[in-house]
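Note that chain A is present in both complexes that follow, paired respectively with chain B and with chain C.
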Partner chain A sequence: MPLSVSLSIEGDTTVIELAGELDASTAPDFHQTIEKAAGHGTATVEIRMAGVGYMASAGLRSLVFAQQKVAGHVTVKVVGAIEPVARTIRTAGLDRSIVLTDG
Partner chain B sequence: MADNRRRGAFLAEPAADELQVPACLGSLAAIAAFVQAVAGRAGLDQGSAYRLRLAVDELATNIVTHGYRGGDGRITVRGRAGAGWARIVVEDSAPPFDPVAGRLPPATDEPPERRRIGGLGIHLALTSVDEFSYVRRDGRNISTLTVKAEGTDPCPPRP
Partner chain C sequence: MPSTTVIVLGDRPAPPDTLLAALRTMDAELVAGDLAQLLNAPAELLPRADVLLAPAEVPGESVRAAVRRLRRWGAAPVVVVWTVAGFAALEAHVRLGHDYLVPPFLPALVAARLLSCSERAELGRTLREADARAELMSYEKELEIGREIQAGFLPEALPVPEGWEIDVRFRPARQVAGDFYDVFELVHRRRLAVVVADVCDKGVGSALFMALIRSLLRHTAEQSGLQHLMAAGRAGSSRRIPVVGATPLLNAVTATNGYLTRNHLRQGYFATLFFGVLDPATGSLVYINGGHNPPLLLDADGGRPVALDVTGPAVGVLPDCVYTLGYAQLDPGDTLFVFTDGVPEARCPDGRFLGDERMLDLLAEARPGRPMTGRDVVDMMDRAVREHTGSAEQHDDVTMLALHRPRAARGPYAGRRRAVA
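Moving on, here comes the complex of A and B:
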């Protein structure tokens, strides 16, 4: 179950693009990228998840980690999550602190 | 293989199958593929198949990380596919753990940085399936998870 993770900067936004499956075995790759992204100091961290076909609670932990790593004024966005992935994020109540958009 | 013989001998029965894997995170992919095959045989829709996979994945992850605590162990997964339903039985010989008793609903009132995220996987597992049961028998944890195809549950979860 591979996960591909890419990191780029677009203006004042750090973009993490994920594709594949996000579970307990692949989440560590995402974690490492979050560490790098948090160091960029942009106003927004945008996590593009349209290519993620599956996400377990390990992915939720990564999103919480992202929220914790960035400074208080930084917005963390999750863009394009498919419905079951978005539902998992909402089940955990993370949509209160992370902006979920269709992209 | 025993499973093939079993299928050959009882063609009228719903297909049954079994997978045994070492209890490590590297086994999650094989477990997922197994569950998806059972869901496929049951003719589950995409959403129901996703729910079953999520539940079994969370349970297996919990067995690896908390049950065996990263030590050696095995996980046995059995599947049974009926018309519009799929059932997965997950067994391990880690110390007793009843997922229902260990369930921890998300503390959505807490900000995420203060929230305990542990236990959320089990909560997701239990809320993803239509039926769940657990027994401890002969030194083994045995969890049974059943998902029905959308539209066949007389009491579907509220959206």
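Moving on, here comes the complex of A and C:
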């Protein structure tokens, strides 16, 4: 299943909205968007994941990559992830460096 | 079916009747088109043809541009330019390498010229395909070498202590894998290290990090194996007892995490892993679960499996994080089943996952009344994964390891006294 990725700026937040499946075949699109988002220099990068039905480990890698790409003071938020996706993030311990919220 | 397809450009001037008549008598499929269409139509609507027949009066560069688009879609037609009197324009085309037709447009002459062009187009296609195949073969050869080298990073033979059984199933989704397992002896063969890990993502990148992470874990564990230090238990737990083997375990995971986060954080690769150290004499197990799917401890009586939950984050993500130790006990008849996410996340052709629940159901259905060995568990789960995947592509590496402590031969309940670590 493909992934749709959209990028917008709302005030001091860069919003990346994802819908579909985040896996090894779709993660490169997300990576490109992360690079663009990191260039915006906003205080927060918000990744809206309510539309993501499945996230493979390649998707987890994208989140680590996002954390690395943004400047140190920038907060990366994952918003609205469904329970299986949120569990994947928590199991790997990524919720310690990324803010995970229900949205 | 005609052997040759010819695109007849309708751009002005229109082909003379004698040429059209000659074309119609040929064994050829004629496709009408014009330059504007060939240059602008979506690629999937472009015709496939052996020959592109154009009047000399259309600009040579435009024809070349059209051919470039047609080539992208598979076949590059050979260009044949005709003219009745525009010989200067014709010469310009010939300089670009285009073939040509001039009057008289006798059917036999036209057919002979177009068929020879068609053969050239076919030859060109064959050469390009051969090139592409050769390129693919050289990539495949490289990947095959990668696969062989990676196989060298998996244990050649498993050191299985007396009174124990270890069964492994390792099925990579591609030639090179991000999953790995390892079994090796520690502390003068008094302890056995058992590792199952999954490097994130897949393909060559994961495979490179697999080699690094496996080596760091094993090397650090083996090098620190001689220090019998006291290790702290779970935070807040009163269980602070000396556990032989806990030091190499903690050192290996902490040092690997430190190395990865110091040197490779930018690349975003990390591994989830389960690293257990078994005392074969007593069946006590001390472990770290770094962000990995919780392994299942299956007791001899078919009770509900106990999940060995995470005791720290995935390795390579967070600098300076704390890994706590988990403890478990394997009594005779018990099995520890360790696996990677390729098992619960196996997908059937319509996209559904096998799922953790289904795994637990399978174990619940199979185990009461029938004591299972580690091999039974691995076989059953592997069968479930294969049946569930069916005709779908295997998306992820599948790794399973079962550590089983057979019951003593004397009888089913011999030696079931709980040993203390």
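Everything that follows uses one rule, which is that the second predicted complex is superposed on the first by the 103 of 103 C-alpha atoms of A that agree within 3 Å, B and C clash if a C-alpha of one lies under 4 Å from a C-alpha of the other, contacts with A are read in each partner's own complex, and residues count from 1 in each chain.
Please note the rule applied: contacts are C-beta pairs under 8 Å (C-beta built on N, C-alpha and C of every residue); 3 or more make two chains touch, one makes a residue touch a chain.
Since the structure is predicted, the reported quantities are computational estimates derived from the model, not experimental observations.
In the superposition on chain A, A:13 contacts neither chain B nor chain C. In the overlay built on the shared chain, the residue A:44 is in contact with neither chain B nor chain C.
After overlaying the two complexes on the shared chain, residue contacts for A:75 are found with neither chain B nor chain C.
Residue overlap on chain A between the chain B contacts of one complex and the chain C contacts of the other covers 1, 23-24, 54, 56-58, 60-61, 64, 68, 91-94, 96-97. Contacts from chain A toward chain B in the complex involve residues 1, 21, 23-25, 54, 56-58, 60-61, 64, 67-68, 84, 88, 91-94, 96-98. Against chain A, in their complex, chain B makes its touches with residues 25-26, 28-29, 32, 47, 50-51, 53-54, 57-58, 61, 64-65, 106-108, 111-113, 115, 117, 120-121, 123-124, 127. Taken in their complex, chain A has these residues touching chain C: 1, 23-24, 27, 54, 56-58, 60-62, 64-65, 68, 91-94, 96-97. Remark: chain C residues 178, 198, 200-203, 265-266, 268-270, 272, 290-293, 310, 312-314, 317-318, 321, 341, 345, 351, 353, 395-396 touch chain A in the complex.
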